[in-house]
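Below is one structure, written out as structure tokens; the observations come after it.
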Amino acid sequence: MMLIKEKVIENKQIGNPEQGLFRLVLQGEAALAARPGQFVHIRVGETYDPLLRRPVSIAAMNRERRELTLYYRVKGKGTALLTQIRPDEMVSILGPLGNGFQLPSSGRLLLIGGGIGVFPLFSILEAVDRKKVDVKLLWGGENQCFMESAGLDGLKKSGIDYELATMDGSTGYKGLVTDLLRTELESPQNKRDSPAKTLLAASCGPGGMMKAVAAICREAGVPLQVSLEERMACGVGACLGCVCTVREAGVLQRKKVCKDGPVFDGEEVVWDAEC
Amino acid sequence: MMLIKEKVIENKQIGNPEQGLFRLVLQGEAALAARPGQFVHIRVGETYDPLLRRPVSIAAMNRERRELTLYYRVKGKGTALLTQIRPDEMVSILGPLGNGFQLPSSGRLLLIGGGIGVFPLFSILEAVDRKKVDVKLLWGGENQCFMESAGLDGLKKSGIDYELATMDGSTGYKGLVTDLLRTELESPQNKRDSPAKTLLAASCGPGGMMKAVAAICREAGVPLQVSLEERMACGVGACLGCVCTVREAGVLQRKKVCKDGPVFDGEEVVWDAEC
Amino acid sequence: MPNVDLQVELAGITLKNPVMTASGTYGFGEEYAPFYDPALLGAITVKGITPLPRLGNPVPRLAETPAGILNSVGLENPGLEVFLQEYLPRLKNLDTAVIVNISGFSLEDYMMMASAFQKGCGIAALEVNISCPNIKHGGMAFGTDPRSAEEVIAAVRKNTGLPLIAKLSPNVTSIADMAKAVESGGADAVSLINTLLGMSIDIHAQKPLLANKVGGLSGPAVRPVAVRMVYQVFEAVKIPIIGMGGIMTWQDAVEFMLAGASAVSIGTANFTDPLAPLDVIKGLEEYAESRKCASIREIIGAAH
Amino acid sequence: MPNVDLQVELAGITLKNPVMTASGTYGFGEEYAPFYDPALLGAITVKGITPLPRLGNPVPRLAETPAGILNSVGLENPGLEVFLQEYLPRLKNLDTAVIVNISGFSLEDYMMMASAFQKGCGIAALEVNISCPNIKHGGMAFGTDPRSAEEVIAAVRKNTGLPLIAKLSPNVTSIADMAKAVESGGADAVSLINTLLGMSIDIHAQKPLLANKVGGLSGPAVRPVAVRMVYQVFEAVKIPIIGMGGIMTWQDAVEFMLAGASAVSIGTANFTDPLAPLDVIKGLEEYAESRKCASIREIIGAAH
């Protein structure tokens, strides 16, 4: 975890401009410390508007070139300002932050991504030893245009086993990624009585999706790691702004998404906590 | 007076970087309407910090090329942000604003500039018919480095009659520009009993200097126009933020620097008004 | 052509749309006329008028602060008489509702101002600025004590037949109590918020930057406070609310209307973007349309 | 080596420099330790502690606003017991003055918190957050009524020998009255300001953005209000002031000290720039030097 100015190597729109997706490559020491599932907290401008940093997941890290690759979608003021930063300029980042995913060194790993929630999962695809771990990605999104813009080509090239779901059926299965997940878990080799002990799952996406994924995985007895998002101020556990609720030994507790997470045990998380 | 996006043709540091001086050339319709002594109110960024526009005097206007030339010194947040705008980008300006100088079509015109207050006077040098009007500029500044950075070369080339005063004597007279003014007004041709009726003066600079200039001109019976500065919000007379105090027919009144000025009758202005 | 009815009712007046301009930020209706026709606005509110002409405070009167400005204009205005003779006739020519903002330093001031404006005089309503110090009560502002506020509104109420809008100061412990007080004093509507009292210090001169030391904070910086107050007042009184305080965009205006404002005023935003009021009108219309509202009135208070 | 004495005296404690961190923005002293040694600070103030553990409010707890943030953490904390057992021992190892911020919902809460902290327990002072609602008084905050404020401070005073700092809420009509009340209640210093009550509305969901509806506004947006209050309180009481509210840079800190603060707290700025407190210390030192002050104390209140 460091506070550091990193050099912008690339900050470029990717895919269809309508999707508002950008790839940002940063060069500096942070890449040396980064683990899959962590994120960086970026200062997108120098004035007080916006005032806060913006959290963005690490999608890939290259230790030799000391490069972090991030993908972001333009959402509001902060991400719009981020697009204005040009190569060779320096940006202040705080990171790498958070705990990151725990990666298996053998067995099978199922990744379930929703929309741009796939970006942190990219970091797993990169880091996990694919000779030893059998990885499969299930990815749901709005439509083909989004999937292609957000990195489908790269996936194809990588040789990763994947399945897609889109809302309009323009590519892959028409429907929810959770349907793919159910089908997947019912495939013979993934049945409970088959060697399910070797199967792990990790997911990132909208809250509603992850809640459903957690229910399905629990039902199937598959250990799940979920990467959560919450509005953040400090990013280091000092402000208590970004909490989620977990049940530990039957007792409700708060955890800080920035520090204790963003990756949590899917079993533990209390979705839609009312208090 | 218009609200318009103009194209940045040039936005470049001039002279010694220590002086923090920039030339900004804008292209658009505003140039067609501009008169010497007017200013434009520039939006230096798109966020709410800074929130207000920044007033900058028009130093030159080229109707054929529809270009306005402005000079500015980096002072704080707003002018620092202004330096970041690059050629071909668009900036929102409100202007041309204010009344401008009244230029003689014959006789003699004495310009007294203090520091960067010389910039609006440049617009007079450009606009006045120098075949018919005998113009002389007295310009005071900190030192030679400042004077050269702020446009001394251009002055030399223009063939204008000028005299300089610097605080450290590094160029021109060592001392205040008001000393030059006194000497000038005492020169034989400018004596009260000589054809002083044909002499007009115009001044822009720090408040203290203009107050002294006004006293000297009044003493010498020379009509003086002063260009004032005051903190501005609206720039169009709507907020009453930028007033100065004048005495009209013996009665104290407020005038809006942005709308009734920035150029005022030097005789009328109440300097250091206490209420 | 959008099918949204933008009309709102306020204190017995009908506005063609809910977007007005805030007192002190729009001069006397002429300053922004070179940019667009004021008739496009729901209403305009003129600079605060006092019985006698006022020079206001010395300069500097403005200080910029993060996402805000401090002003200490000090109620500079030409006084009632000149206003009636020179400004009012021109204001009447604008094809929009004109609201006159009045200020005073004693009950008598307010009463005399009120009686100068009656039905048929060409203005739509009076807005009573109660943020001024009451000179007879040791300079404590009318608008910071519920009893004084009720008293001053009741006094104005007795002296004019025009719709009455009470403009509330945010510098109070309970804005709901203030709103209730002016409601029982007879106000037909409330405007909120006026500026927050603030100060900026010049660290080179080592003294307050404004000649008047303190000034009023406005602009987007205060918006969260203003929205909260509109939300609270909506639950406290029955009379309609004119919401203001940092509205820069139509999104901000929607926030205020959802919080409970029947109309919104654009103040500081005029300085940054003279066309802000028009963008707000357009945005409100489109928002209502996208939410399938037949009338913009449907969103008033919808966040409760 | 600069020749400026940065030491300040506050409520009987000596701080090595006037720069502290604000409660709730600096966790329990460990979160920013990876970036710099907390011993460089004049003092740190820990997150507000209550008698029992609290889960705080649901999320969202944060909303960004122009130059500010709204938070509604809702006093999430591990409770007194866990604090004493787990956090305090680690805090004592930091070589800086530790101030514990305490909160409660009744007089009894405050008294019991106070008696748990005595001289020699390893902390430098108690900061009493009186912005909390008093459950026995219909939820009206202790900090919005001078009598309640005096009462709660007096109660705490009786139960601890530690220096006592009263943390004032800005959501009041007269901050000077509040400061006088806590002074006569026995406070040794005042901290101001706590957050301004605000709200942000989600225009898509058409409801308040924060789960708790209202939140506290902090950051540079509120600075002009905070500086004004420090200035007013400096003229109203004799006890020293800890100034805070939107301090991002050393220039801002100088503003507060000129207005009358003997020390300053850095809050929201930590989130944007974890090193802000160090930059403020350095800047204060250089400012004092450039003004030829032998001690930073010379600038306290110099704008009056």
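Labels A, B, C and D are assigned to the chains in the order they are written; within every chain, residues are numbered from 1.
As a convention for this text, a residue touches a chain if its C-beta (ideal position, glycine included) is under 8 Å from a C-beta of that chain, and two chains touch if they have at least 3 such contacts.
Here is each chain with its UniProt name: A, B = Dihydroorotate dehydrogenase B (NAD(+)), electron transfer subunit; C, D = Dihydroorotate dehydrogenase.
Everything quoted here is computed from the prediction, not taken from an experiment.
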Go through the assembly and pull out the chains touching subunit B as well as subunit D (Dihydroorotate dehydrogenase).
-> A, C
Measuring centre to centre with C-alpha atoms, which chain is farthest from subunit C (Dihydroorotate dehydrogenase)?
-> A
Distance from subunit B to subunit A - Cα centre to Cα centre, in angstrom = 56
Euclidean distance of C-alpha centroids - subunit A vs subunit D (Dihydroorotate dehydrogenase), Å = 36
What whole-number Å value describes the gap between the mean CA coordinates of subunit C (Dihydroorotate dehydrogenase) and subunit D (Dihydroorotate dehydrogenase)?
-> 34
Hey, what residues on subunit D (Dihydroorotate dehydrogenase) touch two or more of the other chains?
-> 63, 66-68, 219-221
So subunit B residues touching two or more other chains come to 48-50
Which word fits how the chains touch one another: line, ring, star, complete or other?
-> complete
Inside the complex, what are the residues of subunit A that reach subunit B?
-> 45, 47-50, 77, 81
Subunit A to subunit D (Dihydroorotate dehydrogenase) touching residues, read off their complex | 1-3, 43, 48-53, 92, 94, 230-245, 252-254, 259, 273-275
Any idea which subunit D (Dihydroorotate dehydrogenase) residues touch subunit B in the complex?
-> 66-67, 220
If you look only at subunit D (Dihydroorotate dehydrogenase), which of its residues touch subunit A in the complex?
-> 24-27, 31-32, 34-35, 47, 55-56, 58-64, 66-69, 71, 73, 76, 219-221, 248, 268, 270-275
For subunit D (Dihydroorotate dehydrogenase), which residues are in contact with subunit C (Dihydroorotate dehydrogenase) within the complex?
-> 63, 65-68, 70, 144-145, 171-174, 196-201, 203, 206-208, 213-215, 217, 219-225, 227-228, 231, 246, 251, 254-255, 258-259, 287, 299, 302-303
